[in-house]
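Comments concern the structure below.
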Amino acid sequence: MVEERRAIDPKEVRFYSGRSNPELAGKIAGQLGILLEETHFSRFSNDNLFVQLGASVRGRVVYIVQSLTPPVSDHLLELLMMLDIAKSAAAREIHAIIPYFSYARSDKKDAPRVSITARLIADLLVTAGATHVMTMTLHSPQAHGFFSVPTDPITARPFLAEYLHSQNHDPKKTVVVSPDMGRAESATRFAQMLGLPVATASKTRISDTEVQISGLIKRQVRGFEHALVYDDEIATGGSVAELSKYLVESGVQKVTLICTHGLFLGQALAKITAVPQITEIVTTDTVYRPLERQHSLITTISVAPAFADAIRYNYLHESIGNLFTFGDN
Amino acid sequence: MVEERRAIDPKEVRFYSGRSNPELAGKIAGQLGILLEETHFSRFSNDNLFVQLGASVRGRVVYIVQSLTPPVSDHLLELLMMLDIAKSAAAREIHAIIPYFSYARSDKKDAPRVSITARLIADLLVTAGATHVMTMTLHSPQAHGFFSVPTDPITARPFLAEYLHSQNHDPKKTVVVSPDMGRAESATRFAQMLGLPVATASKTRISDTEVQISGLIKRQVRGFEHALVYDDEIATGGSVAELSKYLVESGVQKVTLICTHGLFLGQALAKITAVPQITEIVTTDTVYRPLERQHSLITTISVAPAFADAIRYNYLHESIGNLFTFGDN
Amino acid sequence: MVEERRAIDPKEVRFYSGRSNPELAGKIAGQLGILLEETHFSRFSNDNLFVQLGASVRGRVVYIVQSLTPPVSDHLLELLMMLDIAKSAAAREIHAIIPYFSYARSDKKDAPRVSITARLIADLLVTAGATHVMTMTLHSPQAHGFFSVPTDPITARPFLAEYLHSQNHDPKKTVVVSPDMGRAESATRFAQMLGLPVATASKTRISDTEVQISGLIKRQVRGFEHALVYDDEIATGGSVAELSKYLVESGVQKVTLICTHGLFLGQALAKITAVPQITEIVTTDTVYRPLERQHSLITTISVAPAFADAIRYNYLHESIGNLFTFGDN
Amino acid sequence: MVEERRAIDPKEVRFYSGRSNPELAGKIAGQLGILLEETHFSRFSNDNLFVQLGASVRGRVVYIVQSLTPPVSDHLLELLMMLDIAKSAAAREIHAIIPYFSYARSDKKDAPRVSITARLIADLLVTAGATHVMTMTLHSPQAHGFFSVPTDPITARPFLAEYLHSQNHDPKKTVVVSPDMGRAESATRFAQMLGLPVATASKTRISDTEVQISGLIKRQVRGFEHALVYDDEIATGGSVAELSKYLVESGVQKVTLICTHGLFLGQALAKITAVPQITEIVTTDTVYRPLERQHSLITTISVAPAFADAIRYNYLHESIGNLFTFGDN
Amino acid sequence: MVEERRAIDPKEVRFYSGRSNPELAGKIAGQLGILLEETHFSRFSNDNLFVQLGASVRGRVVYIVQSLTPPVSDHLLELLMMLDIAKSAAAREIHAIIPYFSYARSDKKDAPRVSITARLIADLLVTAGATHVMTMTLHSPQAHGFFSVPTDPITARPFLAEYLHSQNHDPKKTVVVSPDMGRAESATRFAQMLGLPVATASKTRISDTEVQISGLIKRQVRGFEHALVYDDEIATGGSVAELSKYLVESGVQKVTLICTHGLFLGQALAKITAVPQITEIVTTDTVYRPLERQHSLITTISVAPAFADAIRYNYLHESIGNLFTFGDN
Amino acid sequence: MVEERRAIDPKEVRFYSGRSNPELAGKIAGQLGILLEETHFSRFSNDNLFVQLGASVRGRVVYIVQSLTPPVSDHLLELLMMLDIAKSAAAREIHAIIPYFSYARSDKKDAPRVSITARLIADLLVTAGATHVMTMTLHSPQAHGFFSVPTDPITARPFLAEYLHSQNHDPKKTVVVSPDMGRAESATRFAQMLGLPVATASKTRISDTEVQISGLIKRQVRGFEHALVYDDEIATGGSVAELSKYLVESGVQKVTLICTHGLFLGQALAKITAVPQITEIVTTDTVYRPLERQHSLITTISVAPAFADAIRYNYLHESIGNLFTFGDN
């Protein structure tokens, strides 16, 4: 019978986590009031992964949480194997919850004979068994179209905006800055939520870690005191640190960095904190950060409520419109 | 035998055109030195389309040229039927050549319960039989990833840039303007080819035909005399006319409009020519324009050589790198 | 849980209509006691369609009603987009209700290099997301086999027969006439339901609008006073008008035209009413007819109860045998 | 390289036969001037089939000839296994040549919960590896649309008509008779080729072996001396024998039976020869008939030239239009 | 609603049997307390099968029981047609219950250009409509991986072991013997359940019915009095009879034959009973044995409880772990 | 044109290597007389892989060599991306050459809710674009059936046997030993090639790295002086070292270890060389071994000629029968 569901029935769902971010998975499960099932992970002597799900999934609604953080390939294969297990063990629905879908940045063919890997990964997830995908802040809104199963790209923007809103920024003094043209649309939406103007830098990527900032950004930020640099992810911190220095040179006195996915890999925090005008980094917990990658400047906003709500709405067959990323990211 | 091809063998290929742009199809065929085969089109009394290809396709390499211009639905169905005929008649390869892929603008879910129609169309083309797709200047580079068969998004940018380059613009006086944030990356590349700076307007779409220009565009264009407004397509002309007026108010004295797909529907040319500072419109022939949509301001650059080259390189198994749109559009 | 459903739960279903026949869709919804949800339709300036479904479909059973009436290509694409929206928005079941499936007549390859378009359309519907199809009176019973998802071709014959039965036709005086060999089997079944003999014309189609009646039809109808001409659809009315004249020449004094799909396009009603012996046209509402295509000779029998019953039986997991077209059409 | 083929290169093709009709396969291979490769067939003790193809198929064009004659299930599975072997052994093209596709009669759902087995078989052939299908005189032209790979339904009609034409039938005296409404269209075409009139019986099938002839057939054949009964297949002969008697009762003095697929199973020949007015049976060799099913009344026209031509045209990438069944069967 | 099921609701399931083993199907249905629905089977005069399921399957959970016993091809096609009927009649879940999956022995390519028929059959089942498969004691555990839908290979081993356990075998005197290397792993598990040692013969298959026993089996069984020969299936009995004689020559005084699938075809029972030291044959009812293939030496253990439990657990969304074949067979 | 190929045309093929074993890839290319093309590999700062193939693949036959050695997940994803690039760049054929397919050991479900990962990987390879797979010595012959594209599992056995044969072993003194029941069949074939007897140990795996040897192995090897332990792969060396000690305790004086895939991970060589009776380790170069994993006891036989021959035969459309693994591994 297809009947309206009224609440999540714990006996009918199974909630699992890969090894990338069990902390977030645990929070989501906690918010939903359901058990995070055990999963046994190990490695054969030949480096092959072994995964065993810890409770029968037959006929059940299965959720598997995995962020594609380093080591990305292992975390991806782990996820594919978990999906495959659920499929071949006759799960009824299989939801891949991917808070950080790292390959979303490989969303176009910007050189000959490279892979649009985000589309490849989307296809692999379906081959392995995913019947539905949830993810957060894809690098481009178009990447949504790579998936052949229903996919909900949740946005963290309202949560980030709510926090910034509480700081009462003055549109005369504060400007939202998009670090490059590709993020311009999303930054514009973010600025609209805060009632602030938006400026866009034109970043020319010289290599994976070096960029050159050009264009008319100086003209745009002239006169503003405070810049809210808004990006989807910060990995090595190199480009936002460079941009911040450039903004300071352009007259800005204070910089807040805002991003959904705060990886802060390698020397990222050292590079960022080397710019004294950067006074706060606002991010979320889509990426698990061990102690050594935490810092007093960082404000972490949990996305567990967002995923828990999205899962609940989906389970209950209600619209998840407010959480959904419409047309940007 | 898999052997290097040395030239297009006219006996081994079949070249057809749908009814949207036979003129361009004829030019491409002419450049390739092959025959544009006849196709019989008619309509049953119940409005159903009837299509019959005019020469045996068995075992052959088939090319079908169709732009998705108005009436778009008819032109799309015509194309799907032609692909289906070629498939069921045992063609060896079936290339859908779509100079203007109109639904490319429907590339993201910017509201609840709408269709990412560009992905849907991509899937329909494959279902109908396309084994390869060629198109030009997709609205976003990510749309490339919607196709599950090899797809070559050709760019018109070098052809447009070459023309503009011959006008010797001064980077002190001339600025390339992207009409909205979504086109910013592509405009940046275009500007780089011409050695010019780039400014980006932040356009808020109020309806399909009305937009509001906001942001810091005035700051960016201040001091420039000539603006090259660079877009992928111009349909009703409303937003580029508005933007041009805004630029003029900001001090710009002369505006050149540049776009790959020049539809100029309805009152488009009237709206544009009502802005006296618009002195030239540079576009291509991806869209067929009957006499009533032609105008002395319009410079049309044919893309037939680009498609002919791409088809030839593909047939001869050579790289088409220079014609390919890498990572933008 | 898979449990017997007892009644349609309005909260669990979503009922939508394309723009071809909202009147019939409304009647079906009314019979089912459920709401016809709103859908927003518009067109972008480049002629691209825009569709937005008006209520969340997540996890629900979705019905979409669309007849493939002129403009057929637009109505088809509209339907494909609605299916795609429902699929990507995670509907549980997606039922395409196509009262008039116009391309059913393109069911065989009767010339080289033409499309069996009915099969193509069936495949496109599945690609777009249909998990079940309902339709009425396919041109041939074999077209049922074109669909790779469960499909219910409902028949209108019992409804038409019931109406004719009430007129008490005398098997000595009245003969059922099939307008061509292809409809002979279906006409035979219809005749059996009424206890009447059946005659078959051999129509040679000269063009889409012209036919030549030949064969031994005169021998068959000699002596009968009243002919019930039974066809699946009447479009331009040309061939039934010709046939009626021929029957009159053969001695028949009165003709009743009967068809499921009454399109009456162009001069159809003029051609038909020009034959004074045609005293009644019995048809259904699978095709919406605006005022200008209505006429006092036409008796319209609504198929809304048939579709409502079929939908209800399907939802309740009951057999819909009585409504089903078994082996003919 | 895709290059026009000029002749069949024996080294590049492999021609195999299942066990249903090696005689016909041998004739086709002979006409093509290529070798009929050996195939080893056996059965395991548990009744499982074992098949081994006798020469490497890697990268080659493979043809497999199999008629679905009794024992049909074994012959079908044999064919599926041969296709599977060719597929997994990396054949380049795999052509299933099925002169008699018996399940073509199961082409519609004429009762609840039965299978449209012709569509099922078509899907199984593709799953097993067929990339192209050739068959002859499908029971209905629509069955062509069941195949998702290119399919050529060859017609035997011109060959049968040529033979009958040589007998110089007089349209005043001779009438072509379709044994039932379903064959009416095909019989009409056959009659047109011979310049003869056509009559259609209305056969009501009471069981698989019993039928009742009704309708207005007497009126149609009155005055004709000779009836050419034209059917696609004759299995038990029951219905054509009954029809022949009925025609004789209606005044016909001589009957010729014509069919593509002459199975003549069980008492078929006894039943037919019990009607002395049946003076000739014209059929083909799509079905292998051992000595005990041969008879002096039977004229057998080989279809080997038709299949050989179709294979050659297909291999050489030429149109096979003349051999193709357009819109009937 | 996805809700935990508490008991099988007879109104929501449909249970059918093919013609291979209705006795076992009846027992399973009996154990489940549900009705074995009628199915109508017949054959057309051209040897084509006709199947009609006897009750509406719309929206229901359908189970179809069929063993692939001789005539295997007919039984397989019967099963494929039943699956197809259920699929096209809109069943919700379709479970193929195949107690004896004969082609499981064709699980590898042990000669050039042969078929891995077990994989082919697995693919055909999915094409025809199976959404879940249950089977028993596949020849190799790897064959499980051939299925692309969830598959439960049930084991009969615990049932067989329980029976043997009740005979209190002494590990000093009794040895389990694997008839060939391929069964060695499974025999080892069986021996472990009984606390007995295990020996493995090295059988070289000379033909389908002849084998040569070699290797070091004599050394292994020396000193043991009683051998429990453990195999998956016994067809003609030739190899187990030979092995038994060899064991007797090696000093064994008593032999018990144990197998899941007891076909005992042809002279099997004669060959076996010709070895007086064979005192018992323990098997199951996966294969229906008519009276002439029954014998007083045979002990038959019904697997109906195993299948009934597996079906019930699956329906109720409980783990079927205990019945499952983990890693062997 | 499909024409017999006579030699590999270097212009028509592209040969690439992943990063796992470029040495072997280079040797294969060398044997084929073709160029090993460059590939650019790098990693984005977020650990995402980036791959770019170094020469146009359009219309060409592409070979990609990658062994699934540690880090396995990275090497697998690298391979999937290379396949995807070739597919989307319109390669004609895409051959995945996987000398060491590590996940082949995950070929059965030996516990509840685990993955048959070998089947999953096979499906992922096809999704990514492989049209043909070559691999060596799969753990089980059945794993061949997991692939839905043509797959050639090459065997190293003749190369290993040839080397051992040159040592002139005496069947009275030397016995081939299979380390567990699962390898018994393959060891038997190997023994047959050398004319030696075969014994089989029954290994009970306690954990991934610990095993217990039991069964009747002592009885089997008694009296033999030299044991040739034959396995598919040696990873940590734990179990072969244990087995060797056990054999020595059983009276064997000398042990030769033979395996296709010599990983020798961690303390493997230390464990093996700690058994002084192990006098030689014979293996191949499917796995790249850096200096620290090389040892004077190891004899390495290159499989490059085997793969080069298989690739050449396949390219030339000749049978590769002699190199193929028929029914074992």
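The chains carry the letters A, B, C, D, E and F, assigned in the order they are written, with residues numbered from 1 in each.
Just so we're on the same page, a residue touches a chain if its C-beta (ideal position, glycine included) is under 8 Å from a C-beta of that chain, and two chains touch if they have at least 3 such contacts.
Everything quoted here is computed from the prediction, not taken from an experiment.
Student: Would you mind checking which chain's C-alpha centre is most distant from the centre of subunit C?
Tutor: Computed centres place F farthest from subunit C.
Student: Could you compare the number of C-beta pairs in contact for B-F with that for E-F and name the larger?
Tutor: Most contacts of the two pairs: E-F.
Student: Sharing over half of the contact pairs with A-F by residue number is what counts; pick that pair out of A-E, B-D or B-C.
Tutor: B-C
Student: Rounded to a whole Å, what is the gap between the Cα centroids of subunit D and subunit E?
Tutor: 39
Student: With chain centres defined as C-alpha means, what is the inter-centre distance between subunit C and subunit D in Å?
Tutor: Centres of subunit C and subunit D (C-alpha means) sit 33 Å apart.
Student: Please compute the C-alpha centroid of subunit C, do the same for subunit E, then give the distance between them in whole Å.
Tutor: Spacing between the chain centres: roughly 50 Å.
Student: Counting only residues that touch at least 2 other chains, which ones in subunit A make the list?
Tutor: 1-5, 56, 88-89, 109, 111-112, 116, 123, 319, 321
Student: Could you classify the connectivity of these chains, where an edge means two chains touch, as line, ring, star, complete or other?
Tutor: Graph shape, chains as nodes and touching pairs as edges: none of the named types, so other.
Student: According to the definition of touch, which chains form touching pairs?
Tutor: All chain pairs meeting the touch criterion are A-B, A-C, A-E, A-F, B-C, B-D, B-F, C-D, C-E, D-E, D-F, E-F.
Student: Flag every residue of subunit D that touches subunit B in the complex, lowest number first.
Tutor: 1-5, 132, 150-151, 313-314, 316-321
Student: Using the touch definition up top, name the residues of subunit E that touch subunit D in the complex.
Tutor: On the subunit E side, the touching residues are 42, 44-54, 56-57, 69-74, 76-77, 80-81, 84-85, 88-89, 102-103, 105-106, 109, 111-117, 120, 123-124, 127-128, 208-209, 233, 235-236, 238, 263, 265-266.
Student: Please give the residue numbers of subunit C that touch subunit A in the complex, ascending.
Tutor: 1-5, 9, 11-12, 56, 58-61, 87-90, 92-93
Student: Within the complex, which stretch of subunit A touches subunit B?
Tutor: On the subunit A side, the touching residues are 107-112, 116, 118-119, 123, 140-146, 148, 178, 180-182, 184-185, 188, 197-200, 202, 215-216, 219-220, 222, 319, 321, 324, 326-328.
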